[in-house]
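The same subunit A turns up in both complexes below, where it pairs with subunit B and then with subunit C.
After this line comes the complex of A and B, so read on.
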């Protein structure tokens, strides 16, 4: 095993892992604000990729198509919160899980009806001429993925620590009742959390689409991997989720390269199950007591 | 009426209806549809107890169904193990796997179990697809022998119908009994409030685990019956899509209702036979059922109908009194 191929696995892993991290970040944002695990998170990622492809195929220039896809997914997130989540805000956890599963199937079904079951590709943002160094090759798209992920992370960090909205959402995560008493509109924050996490997920989906291709059913696996990233980093910790995603992506890429590519997807879930068994608070998480 | 007597009457009526139905059907094809419906109903009764009574959710019951089918099928087809023994081993093995998965995840709250079972289901699906030498890979396992019980092979569809119907009836009777027992009361208590149940001495972890394993065993039983009926098993029958279909059946039938579970399973198994364009709109329809069901009919069709009847009767009585 030479340095070149090891580096190659690392690059692939970090690139794909960044998307898992963004998906995980989406889970975290909604969970922190509303306490809901949104099983439709993977569908937002799928929507990003598929809508980007659709817009580009309709003749919209690539950068605009990317923005349109993210905007449309954001709208879908808002719509989902408004129509399916808000009316049943007080439902039990199991019922809410079933509703988000229903929403994910509904989104997948509608996309399948409109675009069919084919696999689609989006053009690379700036060509396919690989950048070579130390015996490894890197697609320019990988740089796009890493750059945009980093930008989104920084943007979200300053959003949550500096803006009124971000702080309001954080307040909801600590104690929704106290937040409401302080004059924060908790239900508006819930909608905002769905919109932001849909936008983040869709951005991840549309920047990865040129590398991994996209189809109506990619959301299931991506959603699961994003959730695994959350658990790895500790549920509720946004930077843990991003780091967890990258760790997962790298493990998966090395596992596929060194062990077996057929079982590539199983690696993540074996890790997820082991984590749940051994350390459900994640690598960076602290154990937390639950109030009765 | 005492619940036990009501259950006995219900089961009696069900058995009679089940026994007569094949003679009322004009087309043999409907018999095979009903057999498949019974497989699904066996799984859904277990899943219904897990969701409705224990308040836990599983997105991996398709995998338990598949494990039952594949383990029994491989043992019988590849290694020549007698069908009865192969089926029994498959059911016990699946139960043990569920037990191993259940211990750590059931300690956590709902969404962890949902994700863990979803992940488990995906792993099992990948193994079915990739372990080509053992499972036949994506094209499936063939040459599984027909079910044999006490030396009699269930060749005809009608005999298989009665075997499956009997299995379903036993599963229903067992479940109805369990719900009336100490376990059922404990489950209802922990569904209402885990803390209160724990405080009065209910061992919640043990009860949840028991129901989880029981529901996996039911799924494995259905899987064994499936494999030795069709003589064939392919990974696509046991994947995520099927696990979601099971979930839709539970929600449609109504949580915490054995009768609702059977009704939901039979209805959704028969539905595609009547809707020609079903294949394309199925996904959208299922999503819609899950969402609308949870939003407007959280107790399912069974609970909703019961509520409606009560409300109508109540109005009628009130009206009568006023006169």
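After this line comes the complex of A and C, so read on.
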């Protein structure tokens, strides 16, 4: 096994892992605000890719198509919260989670009816000429993926720790009753969290679409892997989710390269199961320190 | 300043508060006392908008707030320190306090919010020492101070205090009650105080109401209530028969 191939696996892994990380981040944002695990998160990623393709095919220039896709998915996030979650807001978390699974099936079905079952590709953002170094090749698109992921991560980090809105969203998850007494509109925050998650997920979907192609059903697997990423990083920890995604992507890529690509998807779920048995708080999760 | 007219509250079929009427004048500390389950907390959460009354009217500064959302009531200047403190445990002391200013926070008010933050730290030096510590790691008394400080950050005209002495050591309870007196004297803050510790509450209050199974059964100046034989028997633990 030469250095070039190892480096190649690493690059592929980190690129794909960044998307898992963004999906995981989406889970984290909604979970942190509402306590719901949104299993339609993968569909937001799919929507990003599919809507980007659709807009581009309709003649919209690529950069605008990307932005349009993210904006439309954000709207879909708001719509989902309003129509599926808000009316049953008093239901238990388990019921709400099942509702999100229903919503994911619905979104997938609608997209299939409109766009069909074909696989689509989005053009690369800045050419397909690979950058070669040390015997490995890296697509310029990989740089886009990594750069945008990093940017989103830093943006969210400062949003939650520095802005009043971000703090307010976190407060809703820790204690919704007290948050309401602070003057925070808790249900509006829930909708905002769905919108931000949808935007982050769709951004992940649309930047990855040129590399991995997209179809109406890519959300299932991406959603599950994003979920695995955020369990790996410790549920509720945004940076953990992003790191978890990258770790998963790299392990997958090495597994596929060194063992067999047939096991690629299995690797994630074996790790997920092992983790749930051995360390359910995740790699970066810690027991909360509080006095009773 | 605050006026309740014939307020009824139902939880499903349970009639938790029955035709309660009370008023609090500006600058007054009014104690609402009563046993466990009398409806004291229900009445406070109704005032702050977390619970909707099934009948009656709530007026704050002569404006009806009976069915207003909690965020509108905070903006109007009525801040509620909930029972059990409800601080945001994983967040830092400073973030907790800043969230208290959520209802009035904007680019323009930012410098004033910073001043208020320092004010709260001056009022509770221990919170200043622990400003970056997670709120959940504070002691019970410190969490109570944080909850009060957080409520003050919205610059309220009136404070609703629910069981501030609950679960605290006697010395800490004395400190908290002294603070209420101080807030009234120095800032002219109006306070509606709910307490099971009836003696301590009536000692610092101007007037009091006694709530029993959802009804207000007695009201009057605090010192008269302290002397009242029924109040003494029921809430101050005095055995009058033995003394006679």
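Here is the rule we use: the second predicted complex is superposed on the first by the 287 of 292 C-alpha atoms of A that agree within 3 Å, B and C clash if a C-alpha of one lies under 4 Å from a C-alpha of the other, contacts with A are read in each partner's own complex, and residues count from 1 in each chain.
Keep this in mind: a contact is a pair of C-beta atoms (placed from the backbone, for glycine too) under 8 Å apart; a residue touches a chain by one contact, two chains touch by 3 or more.
Since we're looking at a predicted model, the values are computed, not measured.
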{"item": "Which of subunit B and subunit C A:58 touches, first, second, both or neither", "value": "neither"}
{"item": "Partner chain in contact with A:92 - subunit B first, subunit C second, else both or neither", "value": "first"}
{"item": "Partner with the higher number of touched subunit A residues, subunit C or subunit B", "value": "B"}
{"item": "Contacts of A:184 with subunit B and subunit C, given as first, second, both or neither", "value": "second"}
{"item": "Which of subunit B and subunit C A:221 touches, first, second, both or neither", "value": "first"}
{"item": "Subunit B/subunit C common contact set on subunit A", "value": "none"}
{"item": "Contact footprint of subunit A on subunit B as seen in their complex", "value": "51, 55-57, 59, 101, 104-105, 108-112, 114-116, 118-120, 122-123, 126-127, 130, 195, 240, 244, 247, 251, 280-291, 293-295, 298"}
{"item": "In the complex, subunit A residues that touch subunit C", "value": "164, 167-168, 170-171, 174-175, 177-185, 288-291"}
{"item": "Residues of subunit A touching subunit B in the complex", "value": "37, 39, 84, 87-88, 91-95, 97-99, 101-110, 112-113, 220-221, 224, 227-228, 231, 262-263, 265-266, 268-270, 272-273, 276-278, 280, 292"}
{"item": "In the complex with subunit A, residue positions of subunit C that touch it", "value": "48-50, 69-71, 74-75, 79-80, 82, 86-91, 95, 98-100, 102-103, 105, 134, 136-140, 150, 154"}
